[in-house]
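By letter and in written order, the chains are A, B, C, D and E; residue numbering begins at 1 in each of them.
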Amino acid sequence: MPPALETIALNKRFGGIRPTSDVTFRLETGARHALIGPNGAGKTTMINLLTGVLRPSSGRILLDGRDITDLKPHARARLGMARTFQINQLFGELTPLETLSFAVSEQAGTGWDVWRPAGTRRTQAARVIELIERFGLADVMNARTAILPYGKQRLLEIAVAMACRPRLLLLDEPAAGVPEEERHDILATVMTLPADVTVLLIEHDMDLVFNFARRISVLVNGALFVEGSPDEVARDPRVKAVYLGEADG
Amino acid sequence: MSPQAQADAAQLLAGRARWHPFEVLFWLAAAASTVLLPGHHLILTEIAWLALFALSLDLILGYAGIVSLGHAAFFGLGAYAAGLLAKHELVNEPLLALLLAGLAAALLGFVTSFLVLRGADLTRLMVTLGVALLLRELANKHAWLTGGADGLQGVTVEPLLGRFRFDMFGHTGYVYTLAVTFVLFLVARRIMNSSFGLSLQAMKENPARAEAVGMPVSRRLIAVYTLAAGYAGIAGALLTQTTAFTSLDVFSFERSADLLLVLIIGGAGYLYGGLIGAVVFKLLQDSLSTITPQYWPFWIGLLLVAIVLVGRERITAWTAPLRAFAGRLDRRRGAAATKA
Amino acid sequence: MLRKSLLMALATAALAGLPAPGLAQETVKVGLILPMTGPFTSTGKQIAAAARLYMQEHGATVAGKKIELVLKDDTGNAELTKRLAQELVVSEKVRFLAGFGLTPLALAVAPLATEAKVPQIVMAAGTSIITERSPFVVRTSFTVPQSAVVIADWAVKSNVKKVVTLVSDYAPGHDAEKSFKERFTAAGGQIAAELRVPLQNPDFAPFLQRAADAKPDALYVFVPSGAGAIVMKQFLERGLDKSGIRLIGTGDLTDDDILPGFGDAALGIITAHLYATAHPSPKNKAYVAAFSKANPGMRPNFMSVGGYDGMHLIYEALKKTGGKTDGEALVAAMKGLAWESPRGPIAIDPQTRDIVQNIYIRKVERVNGELHNVEFATFEAVKDPVKAAKK
Amino acid sequence: MLTILFDGIAYGMVLFMLACGLSVTLGLMNLVNLAHGAFAMAGGYCAVVLVNRLGVPFLAALPLAFLASALIGLAFERTLYRHVHRKSHLDQVLFTIGLVFMAVVAVDYVAGSSQVFVQLPDYLQGRFTLLGVGIGRYRLLIIVLCGVIAVALQLVLMRSRFGSRLRAAVDDARVAQGLGINVGGLFAATFAVGSGLAGLGGALGAEILGLDPSFPLKYMVYFLVVVTVGGTSSITGPFLASLILGISDVAGKYYLPDLGAFVIYTIMIAVLIWRPQGLFARAAAR
Amino acid sequence: MAELLAVDELRAGYGKAVVLSGVSLSLAPGEALAVLGRNGMGKTTLINAIVGVTQRFGGRIRLDGRDITALRPDQRARAGIGWVPQERNIFRSLTVEENLTAVARDGPWSLAKIYDLFPRLAERRQNFGGQLSGGEQQMLAVGRGLIVNPRVLLLDEPLEGLAPIVVDELMRALRRVIRDEGMAAILVEQNARKVLSVTDRALILERGSVVHAGDSAALRANREVLEAHVSVAQARPERARQPAVSN
């Protein structure tokens, strides 16, 4: 069985800068993997390369063994790659119900249907309701997204990604900006993501990282620095040194 | 989630497309005007095709977020297509000619949509404007076909369905225009309540995320732009058929600009904006220009300035009930359902 | 489908319920449709002012009827003209449609005039064909060829052999070009180049350069009132006058309305036209004085007399029919009417319903410190040459 | 041939003068000001009143026209425009079209709807021939004057502290403000200068383009073409765009009179498809 | 000790996101404060909120006793807040010298003094901002913050993404500015060891709140605290790992 995600010697250059250099790593199906690193390590570039927002300068990206290096973002989404965004990327004027209806419909390939009213397909409606329930959005399902509390928006952010029935989910700082009192909802949600979904978490919140990840990769200056189990990484003196500015990665 | 909440959610999902009393009332009033206001059918005709034209702009501006200052290109093409078909007796049935004019405009919309995909607001504004002005020049230069600056003379429109003659009082013209507008509104309403329509709204709100969810954004844009162009073409054709005349004015920059005002006055993005805007704008323009034939644009200008300064959202809040109940999700009923 | 047939039925019912047109009434409404905003505002203003002046001078009652003027702004947009005309006929029950600042506007309404049997008094538009489009069209303005052939005749007499024509690319322009060319070449003149300028054209320089390159004896110009000034200024700027080219044209070029702003550069330009503010008749002196008094800062131009005489035509026709407002009777009454206008003697040709008037050759001079078109030769009772040639 | 070039340059220069303020305000404040032509009209009418009514010498009236339009621009910026800076482009379009409507009618009401002209002094009329090129005196004045102003603008922008602060604000308004640059004040000053330049352009261009109350509507499209083709990040972009448009428009009408009006629109669409940010926009986005 | 800058219960963020949930701090004249913490914990938001370029939800800021909460960013800058933004944000279309002169205000920090501090900038004075290397840009950003002649200089991750040799050069310069010239400063850094060597006091932010405040030297020695809040560390034991459940 091919790995869920594999990158082979991935490189990205912007002029003289090289935010991603020779990154080769793989995620097994069902993995709970965290990608961490100090500021400017190249995590954002990495996620943009994986999702197809940026094209790599060289190297390949494989999804379930299939080469997706040249595919556009929406095509990757169709193949089962979903992501959340560090800063909410939601549809402010739509309600959570509408947002999820849209996502479910695109996933099911009915986005071109110009005739049947949205949300009236029974299986899709059931899926929307299930997502609403799973992400605790029932009380706000009919409110404009723009006026939701931030924590609810973060949950919706993840719910939209899950609506795409991803096999691979990229979580970009899911807890960023969430007030303390709403944080535990996010943590609990992330913890209970379906086991068959491969998850790559990009995060600075060490509580979340160490609670969640079974393996951790540390990115420094665009290159993979250390990879290992949480214990290994936590104990690795080089990692601490990098974070404290004691070594030059 | 309680079973009740689940039922609510299901009901809300299915209820997006339900008709609200306000909508029914609106169309009943429109139908009643054919009988109750026989002396005003001419301006009502103008309102009706303007409403259709504004509805067409709403499809791309209100639903897909494309700002256009050249929507008159499609309107004009439709107008000339219908005029030429009638003048040279190529197609005598007005309804068929209407359809052909719409198709011609849709084709132009499809071709030019690729230009509109590039660039941001200002670029789009100028490209659409440029296309309309080019068409205007084209029509101007080919005077042998279009009559040039004198307009297309000698258009005679055959009776509708072979039976209803377009009379001087505009009765047939009004019923015809209103009926066409109503039917096309129904179609637009259906489309905008569909998955396709929902995806357009999502794309307008956040194209990057819509793409990340798996939506082919460019292709949807092309589709809706083509559709809107077809609608605009039909509106133009209605103008020609009801006045038996068309001229270069149909392509003018002022027409596109006025159209934008119409839509903004009514509020974009809920289908009724263009319709209400058309009614308000025309009646306002007509009454103002009757009171002060020479200085009425001043008051229109003042209105625009005021609308922007006060805030469009607040100004168009008076349409809120309709807006809330119409094509979009019915929140009040949702809240009631949740309470129940 | 059901809904539609229902609507149709309703509409038919509405039709049947309408009052029949032509009932006698105390007030006779005159629908005056003019471009009061937009690029042709000045035409609309002149005519509206003159029409009001006429009513002020002659009272609002004629043949026992009260005349009421209903002014509408069509912004120079033909489809709006048509709708307004229709509304005026249907809702306001006007008995006369008048105004029409531009040819397309007049043409758009002509079929309606026929259908409604309402006289359409054209007070401005100048293309020859307009009167042929409906038996209800009567014109009190002018036709472009009237002036064009006169200036062609004058050019021939004044030893002009080779001419470049420069006209705006629309029907009146084509008329002006054609009439001039026919008359001029028939008399042995040579047209060196025919230039057509887009109607909306910001800079005439390249066209004038082409004209200069052809080295003619004279440049014949027809452009809408307003653009003429720019042509003239750029003509002088390129020194075409110094290379011996004369600037000739119809009177639109040196429109009295804007002539004062031309400066001395305009001195000596020769044009042919129907009216000049400086027309030396007592009737006109009174007219100019009254007009200027009612409209401070405005000078009546050739457009204004179209409006003034148009009102006169309406009054006289009503007098002749004894207040009857039947369209056919009114048009019949108008045919052959002749009177002394501020512009001189004029008449309505009974055959064509077009105006017959004197065309004057004028030269721009300073009179009491102001620029004026001063008439120095008269071609009497000129009919529209295009229609005359058809017979 | 060279005469056509000369005419085209003069025409382009007028366009530049009229449009450069719009370009700067768009680039700097991200403000779509369709009412820019109204400030040009104000300058034109100001010159007409000064020269024709009050007998001010033409050359003295030009700076006064600049000043008047600049003051009007400043007043509008401080009272009205500042409320729409943060609104969407669509709102700005509506707002400024509304202002145009009001300006057109107001001028019509006050000054009448007829075309007006500035009376030129004798020494600016006619033309002379130099090396076979016919040179109109007035057009020469325009070219020299606008050329000098363009160079001066470029110098101010590139050499003065005001210029460097302005460019800093265009580059990154947030950081510029955080470092003590009063971006709002800078905007107002720039808006005033831009309006003033438009007024000067209106005063100078009246002779070539004509001046009547519908001026702002008639030329709105031309301004926008210059700005979109030239891009909004510099003075040189609109300057070159104006020249290209001026020359190609004049040459197009001379050599291809049948296609004359197509040239300008075709160029615009081609440029915008090729480079949506304008011909001379900075290649690298931030 | 007199108070130069006082921040009181500052709450700030972007749009709806609250990043800073009630932070207070104070700074004496000539004092340097390090603000540490991992990414996304609110360090930059703190700086931006003091500069005035972010959404403020609550709290007050006083400079030298004067309440500057209501002032615009440019007014705050003139009141004495100097800023070295995180992304450096060099004005690309300005030369090095113009970058400095455009914002310069009268005071001890003159153009000459900046060039003396960073001789590399003097060499490149006519180059445009976009043509500089990362290190040069950072020097220019620091110089630009100084030439405003502020009472307090706020530096946002000045060492980020720089080559080691450049880091050393910058540290030398910063030490001179802070230690020798006595400029009051707030230094936001991930690079804890380096920054603690030049500051007097330090505080650590976690999720928008202050979790540690104290003496720089003491913190520098306290590896436990640093690892817990700044570096990579295991989760606190009370939050047990939950098993992933099947769909």
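One rule holds for everything that comes next: a contact is a pair of C-beta atoms (placed from the backbone, for glycine too) under 8 Å apart; a residue touches a chain by one contact, two chains touch by 3 or more.
From a predicted model like this one, the values you see are computed outputs, not experimental measurements.
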Shortest contact path, subunit B to subunit E, counted in steps: 2
Third chains touching both subunit D and subunit C: B
Contact pairs, highest-scoring chain pair: A-B
Furthest chain, CA centroid comparison against subunit A: C
CA centroid of subunit C to CA centroid of subunit E, Å: 76
Where subunit D and subunit E are represented by their mean Cα positions, the distance between them in whole Å: 43
Centroid distance [mean C-alpha coordinates] between subunit B and subunit A, Å: 40
Centre-of-Cα separation between subunit D and subunit A, whole angstrom: 49
Junction residues of subunit D, two or more chains touched: 104-105, 108, 261
Multi-partner residues of subunit A (at least 2 other chains): none
Contacts with 2+ other chains: residues of subunit C: 37, 41, 45, 198
Those chain pairs that satisfy the touch definition: A-B, A-E, B-C, B-D, C-D, D-E
Complex contacts: residues of subunit D adjacent to subunit E: 161, 164-165, 167-168, 170-172, 174-184, 233, 282, 284, 286
Touch list for subunit A against partner subunit B, complex: 51, 53, 72-74, 77-78, 82-83, 85, 89-95, 97-99, 101-103, 105-107, 110-120, 125, 128-129, 132-133, 138, 141-143, 160, 163-164
In the complex, subunit B residues that touch subunit D: 67, 69, 115, 118-123, 125-127, 129-131, 133-134, 137, 140-141, 253-254, 257, 260-261, 264, 294-295, 297-298, 300-305, 307-309, 312
Interfacial residue positions of subunit B with respect to subunit C in the complex: 31, 34-35, 38-43, 45-46, 137, 140, 148-151, 153, 164, 167-172, 174-175, 178-179, 239, 243-247, 249-250, 289-290, 293-297
Subunit B-facing residues of subunit C, complex: 4, 7-8, 10-11, 13-15, 17-18, 34, 36-37, 41, 44-45, 48, 71-73, 77-79, 82-83, 86-87, 89-91, 103-104, 107-108, 111-112, 115-116, 127, 133, 169-171, 198-199
